[in-house]
Amino acid sequence: MNAVRIGIDVGGTNTDAVVMDSNGSVLAWQKVATTPGRLDGITEALTAVLTGVEGQLVNQVMVGTTHPADALRSPQHLGRVGVLRIGAPATLSVPPFTRWPAALVEPVAGPVAVIGGGHEHDGREINPLDVDAVREFARSCEGAVDSIAVIGVTSPVNTDHERRAAAIIRDHLGDEVAITQGHEISGIGLLERENSAILNGSLITLHRTMIDGLFRILAERGLSPDLYLTQNDGTLMSAGQAARRPVLMIGSGPTNSMRGAAHLSGLKDAIVVDVGGTSTDVGLLVDGFPRISALPVEIGGVRTNYRMPDLISAGFGADSSPQPGPANVAKRLTALADRIKASRGELPLVAVGGGAHLVPDRIDGVSEVLRPESVQVANAIGAATAEASGVVDQIFVYDNSTRESCLAYARERAEEEAVLAGADPARVRITKLIEVPLTYMAGSSARVLVQAQGPLPARM
Amino acid sequence: MLEITVDDVDDLATGAAVLGSGGGGDTYIPTLMAVEAITHHGPVRVAHPAELDPEGLILPLGAMGAPIALVEKFFSGREYQAALSVLEQHLGRAGVGVMPSEVAGSAALLPVTAAAALGLPVVDGDTMRRAFPKLEMTQLGLARIPASPMVLVDVKGNTVLITGSDNEDVERLSRAAAAEMGMIAIAAAYPITAGQIDEFAIPGSLTYCLELGRRIRGIDPGQPDSYVELLEDFDGRVIFTGKVGEVHRRNGRRGPLGTFTLEHLHAPDRVMRVDFQSENLVAIEDGVPIVTVPDLISLVDLETGNPLSTDLLDYGHRVHVLALPAHERWHTSDGIALVGPRAFGYDLDYVPFGTTS
Amino acid sequence: MSISLRQLLTLGHLPGHSVLAGASGLSAPVHAVVPGTTVRALKEPAEGRLVVFAAGQLPLDDPNADLAIRFCASSGIVGLITTPPKHPVALSTLRLADKYGIALITAGSVDQAATVTALEADVRAPEVTGAHRLTAVVRQLSPHSSDAPQVIAVLRSELRLPLALLDSEGHRVEGDESVDWEQLTSRLKDVLDSSHPTERVHDAPDGAQLILHPVVLPTSQRAGLWFAAVVEADNSAMVDPVRHCLAIGAWGFTAHLATRSLMTEVEGRQRALLLGEILDNAESPSRQTVERATVLGWRLSGWHTVVHLATAGGTLSVAPAGFAADLEAALAAAGIVAPVVERPDGWMLWVTEEIALDSADQERLARIVRQALLSIESEHDGLRMCAGVGLPAQGSIGLGNSLREARKASLLARANQTMAAVERTDPIGLKRMLLGWYSYGPARDIAAEVLEPLRAADPTGELNRTLGCFLDYESSIATTAAVLGVHRNTVLHRLTKIRTLLGVDLSDPNDRLAAHLATRAEQLPQEPEPDHT
C-alpha cells in the first residue's frame, strides 16, 4: 500500500489541492475559487481530489495559506498584544511600535515595557533579567491583552531571558494568553524581530481558528494525517508549532510556486517565471530553493527580516489586455531573466502558472524553456513536496575559538533544529551557509547564517 | 536660525549614505533614534562655529565598532551625557556643542540625537566630510591635533577614557575597548574648542550633507540625466552607469575588502572596476584611474535612487556611479599622503578630481 | 623567421602555466623577452616584447593590473608573465586583457632570470628546437613500454599540441578529448580506410593542419589505427617536427603491438587446450597434463571454486581483445590469483584452496569479480558482462562440477538488468526454482504475451527495458533514470505509458510480481539451456 500526501495552497483568488504519491508523482489535482472563510474552498478542493483515494493512505497534509497576510488588511480582526522588551538600558532610544502604521497600532498595541536584561552577541548577559519588572508588566496585562510578545536583546544567541520572562508571565496570566518569544520567530535584528513577534501575537487567535478548522475538515473525512503548514521560506512546520507562529506563514505562496517548479522540472538551478492572471513573477532557483532577498521585507507596512524569495514582478499576465505580443514578452523576459541571475552564463527557465503558455521558447541568456505538466498547481505541489528546516543566525568572534569550530557548531545546531522540526535525521543536509564579515571590525568576526533541511520521514 | 526637525532626518540620512561612499554603517536605526529624540526633546539647533564660545568644548561624536551590532543592541540615548561629563571633567571646560565626527553613515545622525538629549546645539561641521576607517584619518589628525583624550561609552553607561600621544595607539586601544563593550560604543575623540573648528575641522559639513540628501531624495530616478543638475551644483559627476558583473569580497585585516566589476549598460566593451575597503576607494575604467580616494565614489540604485553600501551590492545590481570631490582641505600633499590611494595600500597616484573622463 | 607567443609557450620553459586572459595575443610574434621591473616601466615603447615579472612584482589581483594592461596596449607589449595572484583576478582585468589582446600568463614559480634567458634563446633561434624534440621522442620510446597511452604521453610532452590515436573510422581510441576528431576526419574516410595507407597532411578549419600517420601491422595491408595531431595556423613552423615525431611514435607503437599480440595469442590458446583436456579426463588426467598444469601454476587437487563469465547482451556482443589478461590483472590487484581461460561459451576462472571457501569467501570472490567487470565495462562502451559463481568442489572432477553450477548462476545473472551482474549458486534452491521457471517453454510464451503490447507500441524495446529496470530497482525512478541514462521525467513518462498499455497496477503485489517475472523471462537468451541436469 502506498502512502499519499496532500498539498493545499490557499491563495487570494484560487485554492489548489493536489494528491501525490511517495515517489513524487501527481495522482490528482483540483483548482477551485477561494472562499471568504477559506475553509469552504478547502473543503471543496479536498473533496474533489480525495475521490478515489483511500482515506487511510493519506498520511501527510501540507497547507500553504495567505490568510495571515489578508488579515493585516482588515485590522479589526487582529488581537491586542502586550509587548515586553528585555534589554534596558540598551535600546531605550527607540521604543516598540516605532514607525508602525497608525491603523495597526490602534487595534494591536497593548501595554509596553522595556526592562533590564538581554545579552551581548557572545551570549553574556548585558544585565541580569529584572524579574520584578517582568511581574509588574504581567500585572499590567491582566485582562488587557489577547496575547503577549517577549523580545530579548540578542535572544537568537541566548534564549534564557526570553524563556524565563515567559515562564513568569505564564504563572501570572495562565495558559490562555499566548506568549510569542522573539527567538521562536526571527533572527538577528531586534526591531525586526520585535515587530514580527508583535504581528505574530496579533494573528494567533485567528490562525488557531483556521488550523482547528483544518483539523475538523480532515476529521470529518475520517482522515488523521500529520498536518503541516508551509513557512515563508518554503519549509514545513507542524500544525501544533505553526498554530503559535502565524507570522512565519505569511508569505509562503511565491516560495511554494518556485519549489513546485523545481519539483516538476527536476531542475535545481533555474529561472522560474510564474505567469498569473494579472502579473508575472520572476525568481531564481539556486540548488532547488528560491534565492532569498537581501533587503528587509515589510509586512503590512511593518519592517521585518523574513527570508522571502527575491522576486521581480512584471506588469503583464494571462488576462492582460491587450495581450503583449511574443516578441514583446521575449524582450521583457530577457531583461528580467538577466536581472535575476546571480552570475554570468545561461540557465534553463521553468514557466509555471496559468499563463505559462505565454512564455516564448527562445529567450536570450536562457538555455531552454520548460513547461512541465501540472504547472497550474505548482503552488500546491510545492507545499506537498516541502521539507522541514532549521536555521541558525548568529555573530561569532573567531578569536575565542577557531572559525572551523564555530562553523561546525552552527551547522550542528541547524541540523538539530531541522530534526526537531520533523526532518528525517538520516537525510538532513546543510542547504545554506552565509558568512558575512563585519565592517569596521578586524577580520575575525562574522555573522553566520546556516540553514539545514531534510524531507519528512516516509511512514505508513 | 537653522534647526533640524523630524522632517529633516531622512534627508540627513540619505546625504550621509552618499557621503559614506559605500561605508559608514547602515542609517536605519540611527534615523529612528534621531526621530525619537527630536520628537521627545524638540528640534535641534544647528550652530555655526562662530556663534559659540571659542573656548567652549566641542564633542566630536560618532560610534566605534561594528555597525551591524546596532541592529541588535542599539543605544539607550543616555551615553552622550556620560561622554560629555567625562571629557568636561578631564579637560576642565564646559561643553558648548556636539559635532559629527563624520557626516557619513550612522555617525551623521548620532550627534543630532545627542544634541537633542543634551540640550546643546549641533555644530555645522565635521572632521572629514566623508567616511574613513581609521581614527587618524581626520582633518584634525592631519593638523597634528591628538585624538586623545578619547572617551568610549557603552549602553550600560560604562566609560573608558583613553589618553595617549600617538593617534595609532589610541586607535588600537579604542578598538579593543569597543570590542569588549559588546562590539559597539559611542565614541568621542579629538575634543576641540569651538574656536578651532574653522581652522582645523571642516565647517559647513552638516548643512552640505542635509542639502545633498534633500536633493538626492528629490530626484526622479527614472528620468535620464536626472542627476546632472544636482551634481553640477556639488561639482560632481556620474562617471559610469552599469550593471554589477562580478563581486570579489574577502576578509582583510581591518574588515572586508574587494572589487566590483561594472559593465556599462549601453556600451558593452566599457568596464569599470571599483576597489573598496569598507568604503569605495578607487574607480578605474579601461585601465585608467578616474576617481581615487579621498574623492568620493558612491553607487546608487538605478531604479530607486537609493545609495548602496558595499555589503549589499551583488551581481546584477544596476547602478549609477556618482563621484564627488573631497573637501579641498584633503587635496593638499599632506592630505593625500594621509588618505590618498597609497594610504590604503594601492600603488596608485592620486588623480586630481575631474582631470580624467 | 619569428616565433609566436603560443609557440613559445609550447616549448616547456613554463611548466604548469596558464593563460588567464588575452588569448588572442598568443598569435602575436614575439621579438624579445625582457625582465619586468615596475608597472610604470611598461609605458616605454616595446613592440613585440614579452615581459617576465619576478614573483609578487605584478599582483594581478590589484587595481594596478588594469593599468599595466593599458600601458602594454599602448607600448606594443604582447604578453605578461607573472606568478598566480593570492586572490581572484577581477573580471575587469580579464576583460581588459581580452579587449587589448594582451596575454596574461601565470606560472607557479617563475625564476625571472632563467625564464628570460631560456625564452629569449628560442625567440632568437626557433628552428633549433625541432631537432631536439625528435631525439627526445626516440630516447623515450621502447618496444616494451610503448602502449598507446605511453606513446601519446611522450609525444604530447614533446609537442604540446592536440594528439590522438584514432581507429580507421576516425573514433578517438586514446588522446585529447578537446578536439572533435570524428568531425575533423569526417571527409577522410577513404584515406583512413585506404589499402595503401601513408602519412597525410590535411587542411583543418581556421587554417590549422591535421597530420595523420598510419599504424600498419605486418599481418595486414590496411591501417587499423592512426596517430593524429592538429597544428594551429600560427604554429605552422611545427608541421615538420610533428610529422617526424608521429612517424617515430607510430614505429614504436607498431613494434609493441606485434610483440604483444604474438605472446597473448600463443599463451591463450595453450591454456584453453589444457583446460579442455583436464575437464574431459577429469577422472584420471595423464601425467603430461598434470605436469603442464603445474608449469602454469594450476593445482588439480584441493577445493576449486569456479566463476563462469559471458557477455550479457549489451550493444557490444564480443568482448574486447585482451579481455582475459585485463581481468586477470584486475583480480590480481584485488589479491586474487586465478587463471582466466577462454571457453567456447565465455570464460572461466577459478581459485583453488586447501579447504572449501565458506559462504563469506564466496561472497567476497563474487564482489571482486563484479568490481573487475565493472571497471572493464566502463572502459568499453556498450559492453555488458555477467558472471556466475559455482559452489566449491574437490579435485579435478570438482572443477567440472563447479563450472556447471557457475554456468547456471551466470544464466541467472544475465536475466538481471544491472551492470556487471554476478550471481552465486544458491544452495537453498530458490533461484534454481526461478531458473526452472524461466526456461519452461509455456511460461515464456505467457511472458511474451503479457509484454506483447509493449513490444507492439515500441519495437525498440525501450519500454520493456524501462519496466524491467524499474522493477529491479525497487520502483526507484531516480535509480532507473540513472541506470538507463535518461531524465527522470522520461522514466515517469514511460511508466505512465506502460501502465496504460499493460493495464496493470504496479502498486498491486500480484500485478507487480507477474510483470517482473515476465520481464525476467523475456530477457533470457532464446536457445534453451543445454545443461539442465
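Lettered A, B and C in written order, each chain numbered from 1.
Simple rule for what comes next: a contact is a pair of C-beta atoms (placed from the backbone, for glycine too) under 8 Å apart; a residue touches a chain by one contact, two chains touch by 3 or more.
Given the structure is predicted, the values throughout are model-derived calculations rather than measurements.
Novice: When the mean CA coordinate of each chain is compared with the mean CA coordinate of the whole protein, which chain is closest?
Specialist: A
Novice: Identify the chain pair joined by the greatest number of C-beta pairs in contact.
Specialist: Counting C-beta pairs in contact for each chain pair, the top pair is A-B.
Novice: What whole-Å value do you get for the distance between subunit A and subunit B if each is reduced to the mean of its CA atoms?
Specialist: Measuring from centre to centre gives 36 Å for this pair.
Novice: Centroid of subunit B to centroid of subunit C, CA atoms only: how many Å?
Specialist: Whole-Å distance between the two chain centres: 62.
Novice: So the centre of each chain is just the mean of its C-alpha atoms; given that, what is the distance between subunit A and subunit C in Å?
Specialist: 49
Novice: By residue number and range, which residues of subunit B touch two or more other chains?
Specialist: If we look for residues of subunit B contacting two or more partner chains, we find 245-246.
Novice: Write out the stretch or stretches of subunit C touching subunit B in their complex.
Specialist: It comes out as residues 39, 62-64, 66-71, 73, 87-88, 90-93, 95-96, 99.
Novice: Under the touch definition given earlier, write down the residues of subunit A that touch subunit B in their complex.
Specialist: 87-95, 98-99, 118, 120-121, 126-127, 153-154, 188-192, 294-295, 338-344, 395, 397, 436-443, 445-447
Novice: How about subunit C: which of its residues touch subunit A in the complex?
Specialist: Those residues of subunit C that touch subunit A are 475, 477, 487-489, 492, 507.
Novice: Can you list the residues on subunit A that touch subunit C in the complex?
Specialist: My answer: residues 1-2, 23-25, 266, 372.
Novice: Considering only the defined contacts, which subunit B positions touch subunit C in the complex?
Specialist: 245-246, 248, 250, 259, 261, 269, 271-273, 275, 282, 284, 286-289, 346-348
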